[in-house]
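Take a look at the following structure, please.
Chain nomenclature is as follows: A, B, C and D, assigned in order of appearance, with residue numbering initiated at 1 for each chain independently.
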Amino acid sequence: MTESFEPKITAFVCNWCTYAGADLTGTSRINYQSNVRVLRVPCTGRIDFMLLMKAFQKGSDGVIVSGCHPNDCHYTSGNYHARRRWMVYKDLMDFMGVDTNRVTFSWVSAAEGARWAQLVNEVTDNIRNLGPYAEYKALAVAGIE
Amino acid sequence: MRIGYYPGCSLLGSSREFDESTRAVLTALGVELTEVSDWNCCGASSAHVLNHELSLALPARILALAEQAGITEILAPCAACSNRLLSAQQELAAHPEKIAEIEAAIGMPYKGTAKIVNILEVLGRLKDQIAAKTTKPFAKKVANYYGCLLVRPPRVVNFDRPEDPQSMDLMVKAVGATPVEWPFKTECCGAAFSVTRTDIVAKLSGKLVKDAVKRGADVIVVACPMCHSNLDLRRSEINEYLGEQHGIPAMFITQVIGLALGLDPVALGIQRHMVPVEFKETAAASAQ
Amino acid sequence: MSRIGVFTCHCGENIGATVDCAKVAEMCKHVPGVAHSVDYKYMCSDPGQRMMQEAIKEHNLDGVVVAACSPRMHEPTFRRAVSNAGVNPYMCEMANLREHCSWVHEKNDATTQKAADLIRVLVEKIKHNTPLYPIKVPVTKTAMVVGGGVAGIQVALDIANGGHKVILVEKSPSIGGHMSQLSETFPTLDCSQCILTPRMVEAAQHPNITLMTYSEVEKVDGFIGNFKVTVRKKARKLDEKLCTGCGLCIQKCPNKKISDEFNEGLGTRTAIYVPFPQAVPNRPVIDTLNCTFYKTGKCKVCEKVCPTNAIRFEQEDELVTIDIGAIVLATGFKLMKTEAFPEYGYGKHKDIIDGMQFERLASASGPTAGVMKRPSDGKEPETVVFIACSGSRDRSKGVPYCSKVCCMYTAKHAMLYKHKVHSGKAYVFYMDIRAAGKDYDEFVRRAIEEDDVKYIRGRVSKIYEEDGKLIVKGADTLMGGEPVEIKADMVVLATAVQSNDRSEELAQTLHVSYDTYGFFAEAHPKLRPVETNTGGIFLAGACQAPRDIPESVAQASAAASKVLGLFSQDQLTREPIVAVVNRQAGPTYSYCVGCFLCQTACPYQAIEQEQILARNGEVIKTIARINPGLCQGCGTCVATCRTKAIDLQGFSNEQLYAEIMTL
Amino acid sequence: MEALKQKAKELLQKGDVKAVLGYAVGTGNVRRPHFARTPEQVDRLVLDEKCTQNLATYLTKHEVKHLGKVAVVALPATQRALLQLVAERQLRDDAICLLAMDGTEVKVLPSGAAVEQHLALKTDAMPTADKAMIEKLMAMTREQRWAYWQQELSRCVKCYACRNSCPMCYCEHCTMDCNRPQWVPVASHALGNLEYHMVRAMHLAGRCVECGECGRACPVGIPVHLLTFFAEESTAKQFGQRAGHSTKLDYALSTFKPDDKETFIR
């Protein structure tokens, strides 16, 4: 790990809860680390596991996936479907030896501005400690000419 | 019919007449009882509240012994015994991970395959035969007292209606008795306070005795040794508490059926009661 | 090559103080596909928007990234501005430089770099955006209201007064529902029928309302604006047009001992009957289960006495299919029966009654004409015990929820009893008094303080009969759990409000969701309380959860306003953020293989089957089709589809892929 | 064997089916699929412990569908695959005709319901060797598992034999063929191989009938079936739903329970 390592964090968030929650972080002027890049989707139900694969391919050191708390989904059940998908995908990643510490699944509601800041900071610090996701990056280097 | 038999401690002690009358009646009805050999305490009264592992291990050993003897169905006439056996069997069925530990404790394999039945279930199956073999109809007005453990908790025993049960009422009807409409069928008799706090037993059972008499009952019929102790053995305390003398006898359902079948009262242990089984001439009796 | 414009906003100091906006604008100029990039103090201001529109024309832009505040704030503003300049509004995206960047990060190079990154991501997205057009769905401007209680009547009247046709379907022979059974209503104690009956008549006479009583919804096809509803009109066994409602048949019917549903079994009725004197419509029905003619083949007294020859013994149920634009469910509730309480005698004591039976005993039009007489022997009860939360908030009874109306009506019952029997004693056993509502708590206080109703906080463990009295055994928890025993003449159980019989079946027919207890589920518990998850189907009253009259009426008007909103335009316009199933030329026709695993994932039942037919009509392939009228654009189906046959407009696979590849 | 041939001939002669799909002896004494369209061709059918291939794979192919109704000699895994194919609407219930062995007796299973009933008699678990291998892998450290799969997958040439042999991989347009966007790189290199096998396992989670055909089909001997087995087991364990047990669709990843339990979502 180099002194100057700054992790690259990609966040997939739903429009109605976590994106709005992150907006509230802004309106509340709660400062957090700037490593994260947020991609907005309508619902966690839309988050194909392949999007996570692609985020790692592009050199993300950590990925955040976040949406509405159970029972709060704008579309009533998208997050429940997402939860099942993650439960299996996380198992499978672990089975294939992918570092599941690199992915953080979370529920952040539109009212949890402070929680979003805390989540991003914790994940950023955690990934900074883990260092670059060299294993996966090596694949990408080997893979993409 | 062959059936396994687990008498438990009460039936060898204070309620010997329950054991005698059960054996007498079932033999008369052609049921062969196979007593579980080397049986132990079911864990009722104290063990099950003090030590959870013991509350599983004690009944599990009895059931395991029954399994070894090839018993598929086991009768535990005592309501507390059948309740303990059922509770343990169900808990082990719901938590199979506990079985290994219990097997280690009892030193034998446990499968939990034996079906546990109470005396009313067994008699219920034989009801038509009992009605047919009745030679001396029990023409009395009967207050049927079920107590707590026979019908509760419903998720464990899954037998009859937890409030206002009916099985014993139907049984005594089959031998010519008239059950009285009685709201106290499942009220508390004082249970194990029989030994430690007879004052409370006198109060609680006193209420039962008084109300049964008031509703015109000639006899209180029970299917639990503990109930019987409180209503019979503690009658002097009851009468003292009530300030009234109540001579209404308390009988086991098996004794009632035995009498109706014309069996020898001594074989049914009728003489063992504290309150003599004697009936004054009643309307129901004289109608016969 | 795309010609994308990037407009970076300073938002005064809000962004400008932390992010070097000029530098960002400069950096973006070099992103491939960007034809124009500027920064400006306030993009959302009039001059800002005008500047953007001019730039679109001047540089012939085909896509726009506005880097400013949150899209949740100003996306509609800028999409409108772009649209006014002749570019499709869905070719505009917003980068969130304020809430997600300047407001939450330190002023430094990394923050400025992040701002530029956020813009670059959206530039790449826009390259894959396609113009989208609002979805138009035609609307049939006729509403169907299912359930003719107070909620249903209110919905029907509101929609009808708004100028649209309404069909009010009621399963029983008369509209009026539970409210018509009530004696008086809390917290004002005004007579229920006095306030309801005029509404019933108004509904019946309204030129825009068609009543279909003694009818039930059998089948529902279609979707928002375009439902086809099949209604079963049960045979009344008489010609409604000929019948004048004179009632002669009812007087002469020899079969008079049938338990009367309207009086909750406390009275009797004839085999040909109207449920109550004020019934609307005032037309009898023949109860074929109890009618002597249907049982023995003889009688026909009603036919003989009918002056207009309206009786039709051979009449059969009729199925009617109607085009409907919106459906409002107002099917109400039922009360748990006293049979459900073993501890209170399994319903065998005649003098243990439920709240609705008490209403009938207290009602001036009830079986006792409002005189307090207990059901067993007709004696005036000297002591009455009321038990609140009978079944409600009781997991062992399967009802963990609060039935909401019982605290109030129990206070009302005790009060009505005290008003009728001045010397009588009234006791109420309760768990908590939940009297939240205008003038509600005052009402309960009045019962306690002015009418001397004894409130005991505790549960009743057992009730049994002794010497003609009901012995009520309970505990007073405010007295340290002191046992309480009351010798009562009558006991009223405020039994739990439950979802109506067959509500789950109806929900399945309509494809609306329902909760564990059979109540219909609202689309959002806070923000969409009268809508269901199925577009065009709305909820009113106690079919959604226990409700009192004011709430049911308020919810009814809310549902009506939703319907009127839907009917205010000839076509329904919806955002084009919907899923679509890929189509292409044969021999594959679509990536979709028709496994329909997506169907159960869709929260909106928006996925239908579509058959691809050959010229000779033979089915070549069955694939999924998304009904754009129902799809809400969550995208759950997209992530479920293995073949990537389904895509979500506005958040397509290509768009999201492009975004990630920019990171 | 003779009973099976007898039944197959009967079905053909009565015209109940147009062909019987079973196994025959192929080059090098392997067992290969065999379509018998005449009673004479039926005589070449064999059924022994060497017959392992899941023949359900063929039934969704256009060419086979054009044949008309086909009777299939069905091992338990084949039966499961057929049930799942009916549930996923790839086969019609009335197009099913199975020849299943019940001890030495041949049973004709003419419908999904009959297959369900027949299957209910048997509990056909994953082979113990595979189960042990999965357990062994899970006992390793994460880094060791990564190294193991990197080593294994480095041999993958992306021939797609695993996909093509799988009865549940019936899609006409596979995600792997998708090029707008090109989700997974086409070439067989470390990244593309990992992604391909991850996608395949995810797409079979809740759908895999655990026949192991993919692993047997792999020409370079990668135990790819462990991935789909694991995904199916994970799904079954967490949600209690299993593939290939009913003609009614009950797919764990497009259904949910509000109280699904997980431990990792923050």
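Please note the rule applied: contacts are C-beta pairs under 8 Å (C-beta built on N, C-alpha and C of every residue); 3 or more make two chains touch, one makes a residue touch a chain.
As the structure is a computational prediction, the values presented were derived from the model and not from experiment.
S.K.: In terms of Cα-based centroids, which chain occupies the most central position?
M.R.: Of all chains shown, the one whose C-alpha centre lies nearest the global C-alpha mean is C.
S.K.: Looking only at C-beta pairs in contact, point me to the busier pair out of A-C and C-D.
M.R.: A-C
S.K.: So the centre of each chain is just the mean of its C-alpha atoms; given that, what is the distance between subunit A and subunit D in Å?
M.R.: 34
S.K.: Need the CA-centroid distance for the pair subunit C / subunit D, whole Å please.
M.R.: Using C-alpha averages as centres, the distance is 44 Å.
S.K.: Can you give the whole-Å distance between the Cα centres of subunit B and subunit D?
M.R.: Subunit B and subunit D have C-alpha centres separated by 58 Å.
S.K.: Enumerate the residues of subunit B that touch no fewer than two other chains.
M.R.: In subunit B, no residue touches two or more other chains.
S.K.: List, in ascending order, every residue of subunit A touching at least 2 other chains.
M.R.: Each of 49, 54, 77, 81, 85 in subunit A touches at least two other chains.
S.K.: Which residues belonging to subunit D are in contact with no fewer than two other chains?
M.R.: As it turns out, subunit D has residues touching two or more other chains at 175, 183, 253-255.
S.K.: Kindly provide every pair of chains that touch.
M.R.: Chain-chain contacts present: A-C, A-D, B-C, C-D.
S.K.: Which positions of subunit C touch subunit B when the two form their complex?
M.R.: Touch residues, subunit C against subunit B: 342-343, 345-346, 462, 464-466, 471.
S.K.: Would you tell me which residues of subunit B are touching subunit C in their complex?
M.R.: These residues of subunit B touch subunit C: 161-164, 183-184, 211.
S.K.: Note which residues of subunit D are touching subunit C in the complex, please.
M.R.: 88-90, 170-175, 178, 180-181, 183, 203, 249, 251, 253-255
S.K.: Across the complex, what residues on subunit A touch subunit C?
M.R.: The touching residues are 6, 8, 10, 15, 19-20, 22-27, 29-34, 37-43, 45-49, 51, 54-55, 58-60, 74-78, 81-82, 85, 117.
S.K.: Over in the complex, which subunit A residues touch subunit D? Could you list them?
M.R.: 49-50, 53-54, 57, 70-71, 77, 80-81, 83-100, 104-107, 119, 135, 138-140, 142-144
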